[in-house]
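Just so it is clear, A, B, C, D, E and F label the chains in written order, and each chain counts residues from 1 on its own.
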Amino acid sequence: MTANLISLLVLLPVALAAILTMTGQRLPTLSRGLDVAGVAVLLAVSAGLLLTGAGDTPQVIELGSWAAPFGIVWVFDRLSGLMLLLTATVALLALVYAIRRDEDQAGPHFHALFQAQLFGLNGAFLTGDLFNLFVFFEVLLLASYGLLLHGNGRKRTRAGFHYVVVNLIGSTLFLFAVGALYGTVGSLNLADITLKLPDVAPDAVPLVTTAIFLLFTVFLIKGAAFPLYLWLPGAYAHASIPVAALFAIMTKVGLYSVLRVDSVMLSDNSIGGLVETTTLIAPWLLWLGLVTLLLAALGVVAARFVRRQVAYLIIASVGTILIALGLVTGNAGEAAIGGALYYWMHTTVLSAGFFLLAGLILHHRPEAGDGIESAPPMPHAILVGSLFFAYAIAMAGLPPLTGFFGKIMILAAALDSPLMAPIFAVILTSGLIMVIALARAGSRLFYQSQATPGHPAHARPADARVALPGVGMAVLPLVLAGAMVVGAQPLSGWLAGTAAQIAASDGYLDAVMPDGVLDPAHAPGKFGADQDGGSH
Amino acid sequence: MKRVLPQPVLSLVLLISWLVLNNSIAPGSIVMGAIVALIVPWITHRFWEIGAGVKDFTALIGYVGIVLVDIIQANFVVARQVLGANRSLNSQLFELELDLEGALPISILAATITLTPGTVSCRVSPDQRSLWVHALHADDAQTEITTIKQRYEARLQRIFGQPVTAGATESTSRGAES
Amino acid sequence: MQAIELLAIVVLLPFFAAPLAAWSARFNRYAAAWVAGGATLVALALFAWLVYGHIDLMPVATSHAWIEAAGLSFGFRLDGLSMMFTGLILVIGLLIVIYARYYLSPGDSMGRFFAYLLMFMGAMLGVVLSENLINLVIFWELTSLASFLLISYWQHRKEARYGARLALAITGAGGLALLGGVLILGHIVGSYELTDVLAAGELIKNHDLYAPALILILLGVFTKSAQFPFHFWLPNAMAAPTPVSAYLHSATMVKAGIFLLARFFPALAGTDLWVIIVSSAGLATFLLGAYTALFRHDLKGLLAYSTISHLGLITLLFGFGTQLAAVAGIFHILNHATFKASLFMVAGIVDHETGTRDMRRLGGLIRFMPHTAALGMIAAMAMAGVPLFNGFLSKEMFFTESVRVAGSMGPVWLLPLLVSLGGLLSVAYSLRFVHDTFFGRPDGDLPKKPHEPPGMMKRPVDLLVVLCLAVGILPALVIGPLLHIAVTGVLQTEPPYYSLSLWHGFNIPLLMSAVALAGGVALYLMRRPIFRWHALSLAHLDARVVYNRLMELLMRTGAGVTAMVDTGRLGRIVLFTLAFAFGAGILGYLLPLGLEPVRNAVERGATPDNGDWVTWLGIGLIILAAMVTTVWHRQRLFALITMSVVGLGVAMIFARFSAPDLAMTQLSVEVVTMILLLLALFYLPQQSRKLSTPARRWRDAGIATAIGGGISALTYAIISRPFESISGYFLDQSVPGGGGTNVVNVILVDFRGYDTFGEITVLALAGLGIFAMLKGLSLPASKRDPFGRTWTEDPHPLMLRTFTQILLPLTLLFGVYVFLRGHNEPGGGFIAGLIVASALVAQYMANGIETAERKLHLPIHGILGAGLLIALGTGLASMGFGVPFLTSAMAHFSLPLIGEIHLASAIAFDLGVFLVVVGSTMLILLNLGRLTDHAVEHPDYSAIETSPAPRSTRRGNDA
Amino acid sequence: MTNLALSLLIGVLTGAGVYLVLRAQTFPVVLGLTLMSYGVNLFLFTMGRLQTAAPAVIGAVENPTDPLPQALVLTAIVIAFAMTAFVIVLALKARAALGNDHVDGMHIPQADRVLDRKEEPRA
Amino acid sequence: MIHVSLGIALVLIVIAMGLATYRLLKGPETADRVLALDTMSINAIALLIALGIWFETSINFEAALLIAVLGFITTVALSKYLIRGDIVE
Amino acid sequence: MIFDLIVSALILFGAAFVLLGSLGLAKLPSFFMRLHGPTKASTLGVGSILLGSAVYFSAQGGLSVHEILILIFLFLTAPVSALLMARAGMHRGLKGDNPSHEDKRD
């Protein structure tokens, strides 16, 4: 049953994508219904699986009944489950918003692409095979290209081109990395590679480390770390609003891969007995995170419109998470991962919501859009302004919303680090810079009602009767954030357990490769080496 | 019948091709080939607009024989021309009035011209009345034209049951080769 | 539930009341005030009951884990200090609510105001009642946020927006520093509970991290309490409505910093570092505030600087680090809260009734509002430290303490002298406040005709002023017990002896008081020359300038750095990405070096070489073609042709090295790609312009060489090593497990069928995405070819049309053949799909899209969807048997005539692949081909975007 | 020797791709991406080491070559094709939207700022 | 004997390839380059078949057939581009 | 042995013509002249090699005739390719005559 439910998480979206390809053009209402229902099912199933403890020990599904490392496996544990849950959450927000504001009608095949995007994401989160990860990166990327270009617009098209080109370069790098790993270690399965790393011949060690560094480069491109994040501001700022909101999960794919591969392959391992892996990548992540965070904070200052500001806030959160992932020393590592996951949940849901809010601002200020400048007041200015205030607080990491709590968990974990001083300095300073920038933005957007020629200030009263469709989707993330604050004790406890599961890679390895490294000659065939190839 | 087997000749050709491709005349191959030979025309017959229209099959066989021989001969000619002093080649592009009619016959003629003696067909005029031919070495375009018309066009007219006009004046050559 | 847990209710009540207040304002303008007042009253009552029940047990604390990993708990603490501050917050809060109810004008939103005010109240209660340090920081930051909202309440005013942001920036920064400090502090102690922290004073003070923790915490203190050099936000915060100023910026929020000094007194105070930092900041603030206050013309400005000065005074007291000084500090907190709140409210009344707060315009108001004037005078005398008023008592204690510690801080006369100077200045500005407002000559043109305010606006002030007097006259009786409890709460032990009597005999402090009083009066009397001197000199000094510069610097740095990094140019993005990847690769290679001697791959040479000169020449040819493509890429069609050679060569390599499937795939993809690029090229310039400088091209060539070289090295190093992989399994299991002899195909459709499934999704998505992109697209098409000639209008060549008709069935047959044999021989769904698609596209090329469409009428979307569903369905079918997705099944049949038939369900999967490939390839190519329907003819397109040199139309410009 | 030649080829293809990807117009960039994908596909292929006349067809030869990289490359080729198709059409779309085929659409800061808010369809 | 003649044949085919490459690069007309590409694909077929005999395998036969089919389509596409620009009108 | 001889002859003959076609392509002085080499000689050459292969593999045991199919394909397509390329050359305005003669005249 559990296995079928896990399979459903990947297969439902792709089935729906195929169906929606055919219904999308002719039956718009049905398409909307199918799409929403599909996402709702994903949300319910992933939540249900996590709540019933399905991921407490990693569940492995051997696709095609071929055991790892020969076949491709899905691994459902708390981490992948959490990612699926976040994906479904963000997707539901974005989708309902898109439908409420008719943004799904701006071009063909929105719903099919949307489900395909979920297929790619869920597939990437579940897979235990590096080449398959590549394939699902491509699936989710192509869907994202389609979604990014959904609707029209000059800057969107240009940003889309940049996004596509960079990701194609990333895909090429991914193949180089996976290929080099295969060419040296001889496997594609993450767990199998992990188990084989200690036995790598000494002369192959630098080749393996090169491959690993390239692999993480790819993840960091997707994850948007400095200096690889340059594709992000343009792409996110110019995508249509619901798509930008959905993209809140995209950087997380890169970060997830970093976390997954680092924690399984490089925790307490060695390459050929020569290189200790625990500190192979993590320290670099820390430094990259620091620079990313600082530059992103400056980007938040520099942004001239809200969507771009949110894009930089996302990059800032990437920086913060990278800092946490870079803390590997002793118990701090586990605590940092727990904190990072809390922060991760926070930033995913809230940056999605913030984009939706930016959409409301964009579409209801005819003179200025979401430009950070004064303009005649928009309808529901107080409501929207209050939401902006709340998002600003949350994203800048001020209490009482989730950003703060995630941050203190990470800071607390950093107390033992020899780099405590720079970590504290950067996290706190960048937080301040973001507060200042967001206060300035909010003040200009909502406080500084402007008289334009023909539009004397307050000539158009902030009419509260104008409909503001989709506003509920901008409120919901804040409600979730509130729940995450109130329920921080059980949640952080659960996340600590998740972090412990992540840190103890043995559980993952045992689940995927119960018998350790297999000798191909003696590996069991399908159904116990059914030599006659009988049917079943 | 027309529905099941829109193009029987094509189906036969396909079946043979299938067997050739598989290097096999095993029953399995024949069954499979038959299936394919039935299905493929069913997809492609709508594209088929040239029609068959071959009236004289013996003439066709003879034509193929001549062309094959000409191809080999022509290649030696071309070999000499290529290997020799290229400066001496009198290359030219000329237009050939067509008496032949129909897409398939004209196409076959054009193909023949290309594959044989130092000539390449370059363009069929939009009204299908003339054919541009390039000769690698021709002292006189008219001679080339006459040769082509007599040697190939006339035969094709016969094969496709068209009134023979091109070779009418040169009955000797026709007689010599039949 | 234990009663003490209700403390949380006291804190949370205002937060719950806040939205209620905002909401209630929709029904009645004053409902919000009622809600706010009611909530405050309830909280006060509850708190009083709690105090009553726990008065002998203090300190008592309650704590619930919130985020254990970070040491955060939801915990509150009741002791003397928190009790005193809670009382202050709630009592003055209640008075402010009453006052504000009358103060706000009809245009102001009551709901928002009281909601914000309640949020602030709750936050402030949280700060003073917190047991957990992080919990404290949370509420601390909330006070900053609430204060931001309250200061910017009149958001249409520029100074309100500025003041709010200024306050948020300064106090927010302090809050973040405090967070850092608190985290370190908790780290030192091993617990974030105040009970533990306060008990660990010695441990903390001797810890290596004491200094950073102290400095960070003090940054929080100084910013919040407007200590020099962070004082300047406070005057700007006066843009807030007066009740806010009275509440936040005199009585409560600014005291939060002081509260923290008191709170951490046992844990942090007493070290040299503490004394130096805290007392010097306090002294500087005390003097600077007092001096500046004198010269403010705005009533609230004067009060603001006076507040700064008094906060400095209290800070200085705590800075002394002695227990008696702490007693004096606590006492002055109480006194200052009462008289300063009164004064703010008086200033508010004056503003409210006259329309101005400028002392240069005001005057003689005593005639119009005697009651208010009396209140103002009493409160001002308290502020000036006149005997019989409460301010006098704490000031005397302050003087006493400064004399006592003087010896340890520079020359023995210096501190008393400076302290007296501060006292003198406060007398002078207090006098100015009273005299310039209520006495002298009234200015003729006040904006409003002044009169007494509504009674309820004065009641709160009445009450506070009475308190000032009561404490001033009978301190021991009125304030003694409270002070004792509070001081105990601060020191966490029984306090030392102190006297609360009015008269301590003739002593130095008394002398200092006398000097201050007399000097202050004298100073005020000779104010004119001093004002003139000040206006010419120090008036221009403004700390805001520094702040503004800093902000400007931040904005400029932000914009500059961002513009430098994020140029929005693809070249930059790609460059950074590639450079990073290159660096990472090199780093990855270099890291393990030195750990173990790495044998040089070139020396190995052990692997048998299986090449021959044909292969080498072939490889050389491909290299040449690739180079040519690169070097001559500006001639686009030429580049396309040379790239086609590269593709052909790559296919040959695949064929050469035992990969027939790959060779076929490469070939068919190659041709489809070529068609695709040709279709696109029609709408693009035929030549690339030379846009980059030679330097840039050399740089790019360098990067390309470096990366290419790196990749070459990596490749060579890897493939000249021996190697073992998991592939033996596939070879073993291909037939028994996968039912096919072509292992590559069995991997594709069975072992790793899921990869393939993802891959066909990619292909389908590309089709869909392209379809979506092309919808409604119109492009100017080039009317001229790469050489500047107009394209011909010839119909489709006859011969092509004829022969493709013959070729189509043959090619389809070949496609079917390749598909069917795929599982056992090279071939399969992909290749077959591409072959069929290219055969069909050839029809389109030969006959034109219209004719071909009419004849073929392919339901492309259907094929695509069906393909995906067949592939998916094959996989799902296995799940019906209770085995995982994509598990294949096999069957043997024996048919008469035909013989053995071996079927694997993977073939059905491959059929799905085939259909998706056909569908998406056609979808892509045909939609691109259909673009012509929408093409906008752009007559001069070539002329604009390409630069065919005039002579190039003759010959050879494309080389 | 063959290994060396192939390594060189892979490097040249990748380097050529890199150079073209750094060009300022869309078409060369697409060419560059295609060349890079050739490079990486060959790379992936060679990771299974090179064998002559040893196709991974059971029963054909004694020691067949490593089939797995071939399967991977096949997947990669098809994905690269899909991506190339997408990106070239995107280049057309960009050319239509921006009026030129520069990768940055000729990037005029002032115009961009206007575009930021003007291009969004109003709800 | 077959190996000797095959060896010679391979030499000849490779030289042919080189000559086609020369024309491809030299041009001068794009039509020349298309012609060179077409020739190259024909030569490639020859090469594949010859190598097939050399290694005694017909495993690359389908690839050779494919070159024949697809080389033609490539030439059609390129020529049509030169003639009309829009290859699928 | 006789098969060896036939195969060798066919292969050598074919390879020679393949080379000849390319030689013409490289050597002849104008586009239209160059068109002749590959369209005829190369096609014939490949045809000969294909026949050689068919004979060779048939001799190895088991009939091998599928090479014929390539042959048919080539003979069907070569004239079309030639026509299209020639058409392109005509469109380009290329002359059909021998440019060497111009040199003489100049």
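For this structure, a couple of remarks:
The rule is short, and it goes like this: a contact is a pair of C-beta atoms (placed from the backbone, for glycine too) under 8 Å apart; a residue touches a chain by one contact, two chains touch by 3 or more.
Quick caveat, the model's predicted, so the values are computed rather than measured.
Identification of common neighbours of subunit A and subunit C yields D.
Chain centroids computed from C-alpha atoms place A closest to the centre of all protein C-alpha atoms shown. The chain with its C-alpha centre at the largest distance from the centre of subunit E is C. Taking each chain's centre as the mean of its C-alpha atoms, the one that lies farthest from the centre of subunit B is C.
Each chain gets one centre point, the mean of its Cα atoms, and the points for subunit C and subunit F are 69 Å apart. Each chain gets one centre point, the mean of its Cα atoms, and the points for subunit D and subunit E are 24 Å apart.
For this pair, subunit A with subunit E, the centres built from the Cα atoms lie 48 Å apart. Chain centres here are Cα averages; for subunit D and subunit F they lie 34 Å apart.
Those residues of subunit B in touch with two or more other chains are numbered 17, 21-22, 110-111, 121, 123-124. Among the residues of subunit A, those touching two or more other chains are numbered 131, 135, 138, 142, 145, 149, 161-162, 165, 169, 176, 180, 182-183, 188. Looking at subunit C, residues 568, 570, 574, 578, 656, 658, 660, 681, 711, 718-719, 723, 725-727, 730, 735, 751-752, 755, 759, 762, 765-766, 769, 773, 785, 792, 794, 797, 799-800, 803, 807, 810, 814, 825-826, 928 sit in touch with two or more other chains. Across the whole structure, chains are in contact as follows: A-C, A-D, B-C, B-F, C-D, C-E, C-F, D-E, E-F.
Of all residues in subunit F, only 69, 72-73, 76-77, 79-80, 83-84, 87, 91-93 touch subunit C in the complex they form.
Residue ranges of subunit E in contact with subunit F, taken from their complex: 1-2, 4-6, 8-10, 12-13, 15-17, 19-20, 22-23, 29-32, 34-36, 38-39, 42-43, 45-46, 49-50, 52-53, 56, 58, 61, 64-65, 68-69, 72, 75-76, 79-80, 82-83.
Every residue of subunit B that touches subunit F in the complex is listed here, in rising order: 17, 20-23, 71-72, 74-75, 78-79, 82-83, 86-87, 89-94, 110-115, 118, 120-124, 132, 134, 136. Those residues of subunit D that touch subunit A in the shared complex are 17, 21, 26, 29, 33, 36-37, 39-41, 43-44, 46-48, 68-69, 72, 75-76, 79, 82-83, 86-87, 90-91, 93-94, 97-98, 103-105, 112-113, 115-123.
Of all the residues in subunit C, the ones that touch subunit E in their complex are 614, 617-618, 621, 624-625, 628, 637-638, 641-642, 644-645, 648, 651-652, 655-656, 658, 660, 663-664, 667-668, 670-671, 674-675, 678-679, 681-682, 781-782, 785-786, 791-792, 794, 796, 800, 807, 811, 814, 818, 825-827, 831, 835, 838-839, 841-842, 844-846, 848-850, 925-926, 928-929, 932, 955-956, 958-959.
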